[in-house]
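Labels run A, B and C following the written order; every chain starts at residue 1.
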Amino acid sequence: MSVLAGRRIPYLLIAPAAIVLLLVVLYPFGFNVVISFSNMSMRHFRDWSLVGLDQYRRVFEDPVFYGLLGKTALWTAVNLVAHVSLGILLAMVLNQNLKGRAVFRTLLILPWAVPQYITALTWRGLFHSEFGDINLMLTRWLHLPPVNWLKTLPGSFTACAVTNIWLGVPFMMIVALGGLQSIPRQLWEAADVDGASALRKFFHITLPLLKPVLIPAVVLGTIWTFNNLNVVWLVTNGGEPADQMHILVSYVYRSAFFLYRYAYAAALSMIIFLILLTLGMTFLKRSRVEAGGGV
Amino acid sequence: MKPKATVRAFLSYTFLAAASLVAVYPVLRVVGVSLRPGDRLLSTSLRIIPEGATLESYRVLLLEQPFLRWMLNSTLVALAVTLVGVSLASAAGYAFSRYRFRGRQSGLAGLLITQMFPITMLLLPLYVMLSKLGLVNTFAGLIVAYSATAMPFCVWQMKGFYDTIPTSLEEAAGLDGCTGPSAYFRVVLPLTLPGLAVTSLFTFMTAWSEYLVAAQLIHDQDLFTLPLGLKNFQSNMTTEWGLYAAGAMIVSLPAIAVFLAVSRWLVSGLTLGSVKG
Amino acid sequence: MSHPVRWIILFSLITAVMGPAFLSGCGTGGDDRPLSIWHQMEGEGKDVLQIQIERFMRSHPGREVTQLYKETEELRTHFQTAALAGSGADLVYGPADQVGPFEAMGLIRPLEDLVDLDSSDWAEGALVTYRGHLYQIGDRVGNHVALVYNRSLVSEPPKDSEALIRMGRELTRDPDGDGNPDRYALVWNYSEPFFFIPFLSGFGGWVMDAEAHPTLGTPEMEAALRFAHDLPARHKIAPLDADRETADALFKSGRAAMIINGSWAWGGYGKAGIDYGVARIPMIKETGLWPAPMVSAKGYSINVNVEGERLERALELLEFLTSEDVQLEFSRVLHTIPARISARQSPIVTQDEVLRQSLHQLEAGRPMPVVPEMRAIWDAMRPQYQSVMAGTKSPADAARDMQALAERKIAEMNE
């Protein structure tokens, strides 16, 4: 129970947020659902009609789809692991009573503070095979051969991943730091008295207490990474090399706005959505069970 | 200091220094380009401060472009979005955390679900809908769109933070004779400040650096936000990256400032220990 | 209900309601809104346009006109979305090939019944028609690439491909021998197939036939791809990697003696202090053909949502913007070729060396197809072209794949 009693209160509290969300999300979502069953494209832009499951069939029959799925899954996994581990690690190191940690904290926040399109383009420049800093450093300081980053698929993938990890770690770090702040130091001190090792302290105290704060961030982070158009599009200049470096969302963008295949793009978006929905719900159910039903 | 602690401190500092270097390097690169004289953009020099560094780019930017106007617009929009987003989110988050009501689970799930839809497909119908509401080419339209984008994460965050505050606190306050508004403001609110900090930071950043929606929605140059101004501006000099980089730096500074202002709350050593037993 | 709750709710509602208080600019509005032009004229072009608009407003008091710059692709996307929703700019300015898609989607108005033109005074391709209707009135023709050379490094531009390679070897300098030349002879955009077209036509190939079927899987395409690839890879007179920005930057900094780029960029070179000259892209020795870049008009179309009195005013503006005076002003500043043939008699055109050379190149050019299939062909060519320039695909494979991809994309587009 709380200080505020009354049965209607929760609904009143939620109402404003709900209204805004429904307005901005529900209509477009509905529109997309309908369009995905239509033939909206260049030839049928204003006068489209419903054609059933045609577009969905096309998506699954397109061999490109499966490659995209794989790339997107790999992309999400790599990013997520890096974001969370580096974020927690940095947060833990920062949480100590070190002199000058405010300075470090400020510096580490910078990737997040600078607008994404600027940094994405900067990273693209850094990976330039002839004039980019990374190859210059490789050849000059480490005497290694230059890597043709943006012209090969693995190179391109790495470039995008490095950029996105660089962009996403500060966020995880802040969330983890916020969570660490609310863990009372006495708990760790008590564990020290009991002679617990650093690892045990981490897994038995830190991690469990971080979970309520981390879980939303991780779930949302996964979804955002899966759906991250900006980074992939800007670093690869729209899919280079040769239109291969695409994840599902960037392909949707290209299909809709460059090839006018709106209905196809809508169907693909629905499929992306359903994939995420299934994954999300499964994950939540499991974590709910673990946490003992107290979400 | 015990030797183990010294080693640990040393390792920590080294690690932080290395991480900071990686974090900062691309930004330094942008600074470097913004200071480059004329058109020396493609150099194989790794110097951060280029030879003949000059502030000319900044001067041209601030004096010859409506940069300050864009700044004002972005500030207006970002502040409004933060205000709306944070207040709506903390209200909703509180409800989700403290109450058990019908539709709670689906509500929470719903928040999550809204994130799963790729934004690219929402652009066209969003525009159509905003057009029907007469919000095209207005700040209100932007505010509505941005608030909705940031909302789900913020509600989840606030809910999470409220979760970490046991209701026993509010009850204890009640027992001490502290009820209603004062209980909320004196006891609960201060404990959620880290949550509010993260939430407002996030909302502000979203609104400050968003490009796609703003580009489609805003048709009036007077209403340009910073990302629009910069992009529109980038056209003026297809390769004059100096000006673009200078613009990028100026755009980033307020974002950094906001973070610094808010980071205080992230460090406040509030604990739950005060309610033991 | 206790106080804090009321406070929270009130606060939330107030802030949510305050939002619409920021209703500035014109959301809905009657027909007294200013006429708006969306265009993709960069830099100086934008400045000239603004000056002309101000002239129009002075001679038509009470009429407000605004202009907004968007990058070509963005312009197309934003206009599509806006026009579908019933809004968007009144006039949209862009290259002729935007007409095909816009017409297919029903976004622009046919103009032949609304304007009174003496079509004989207009250059070929300036009045853009599609499927029997006039959709775009051009103010300039060209948009073609040519060979631009740095006069302080190159006294006489090469006339054919052999001379190009020979000259190139002399011009490319690598003083410290670290494999990174300090200066290249030639550079161009390796990312956009538009810049590759001269090579293709120089070897006798083209992108499509009269029925808009792609003709990409040809031996001519193969030969052209090989030639383009060899310039950096074999003859080493061009960098291994260059996109639009890189190529531009190299030429502007004097680190490339020559560049293949279009007239939109030349003004910028002048501003950067390069003493530049324009010439025809060298003839291909093996075939004896002059490379033919794609030539197209750029002009104004009218949004299908504009009607009534507003339409009248938009047409007036359109007439003004395509008048001889305005065309010549753009010619003077940007070295563009006016669409009106009578304007070409003006000394502004005849005494401009750069313009004359540009016209010379234009005469060897070939009109760019405006049919929607062109987009699919670009999309099919782009990845293969990039792969060949990057050395990851053979010209033969690329040509074959281009053809297959183009056919597939056209089928998808027409579904």
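Basically, a contact is a pair of C-beta atoms (placed from the backbone, for glycine too) under 8 Å apart; a residue touches a chain by one contact, two chains touch by 3 or more.
Bear in mind that the values here come from a model prediction, so they are computed numbers and not experimental data.
Colleague: How are the chains arranged in terms of who touches whom: line, ring, star, complete or other?
Modeller: Here the contact pattern is complete, since every chain touches every other one.
Colleague: Report the pair of chains linked by the most C-beta pairs in contact.
Modeller: A-B
Colleague: For chain A and chain C, let me know how many angstrom lie between their CA-based centres, rounded off.
Modeller: 35
Colleague: For chain A and chain B, let me know how many angstrom lie between their CA-based centres, rounded off.
Modeller: That gives a centre separation of 16 Å.
Colleague: Mind pulling the residue numbers of chain C that touch at least two other chains?
Modeller: Within chain C, the residues that touch at least two other chains are 2, 4, 8-9, 12, 16, 77, 84, 180, 246.
Colleague: Specify, in ascending order, the residues of chain A that touch 2 or more different other chains.
Modeller: In chain A, the residues touching two or more other chains are 3-4, 9, 13, 16-17, 20, 131, 257.
Colleague: Of all residues in chain B, which are in touch with two or more distinct other chains?
Modeller: Touching at least two other chains: 42, 44, 84, 88, 91, 94, 124, 128, 144, 147, 179-180, 183-184.
Colleague: How about chain B: which of its residues touch chain A in the complex?
Modeller: So the residues of chain B touching chain A come out as 9, 12-13, 15-17, 19-20, 22-27, 29-30, 42-44, 46, 84, 88-89, 91-92, 94-96, 98-99, 101, 104-105, 107-109, 111-122, 124-126, 128-129, 144-145, 147-149, 151-153, 155-157, 159-161, 163-164, 167, 170-171, 173-174, 179-180, 183-184, 194-195, 197-198, 201-202, 205, 208-209, 211, 227, 230, 248, 251-252, 255-256, 259-260, 263, 266-273.
Colleague: Spell out the residues on chain A that touch chain B in their complex, using ranges where they run on.
Modeller: 1-4, 7, 9-11, 13-14, 16-18, 20-21, 23-25, 27-29, 31-32, 90, 93-94, 96, 98, 101-102, 104-119, 122-123, 125-126, 131, 133, 136-137, 140, 166, 170-171, 174-175, 177-178, 181-182, 184-186, 212-213, 215-217, 219-220, 223-224, 227, 229, 248-249, 252-253, 256-257, 262, 265-266, 269, 272-273, 276-277, 280-281, 284, 295
Colleague: So in the complex, which bits of chain B are touching chain C?
Modeller: Listed in rising order, the residues of chain B that touch chain C are 38-42, 44, 76-77, 80, 83-84, 87-88, 90-91, 94, 123-124, 127-128, 131-132, 134-141, 143-144, 147, 179-181, 183-185, 215-216, 218-223, 231-232, 235-239.
Colleague: Mind pulling up the chain C residues that touch chain B in the complex?
Modeller: Residues 2-4, 7-9, 11-12, 15-16, 18-28, 36, 42-43, 46, 66, 68-71, 74, 77-78, 81-82, 84-87, 89, 180, 244-246, 248-250, 252-253, 255, 265, 268, 272.
Colleague: Applying the document's contact rule, which stretches of chain A touch chain C when the two form their complex?
Modeller: 3-6, 9, 12-13, 16-17, 19-20, 39, 41-43, 45-46, 58, 128-131, 148, 151-152, 237, 239-244, 257-261, 264
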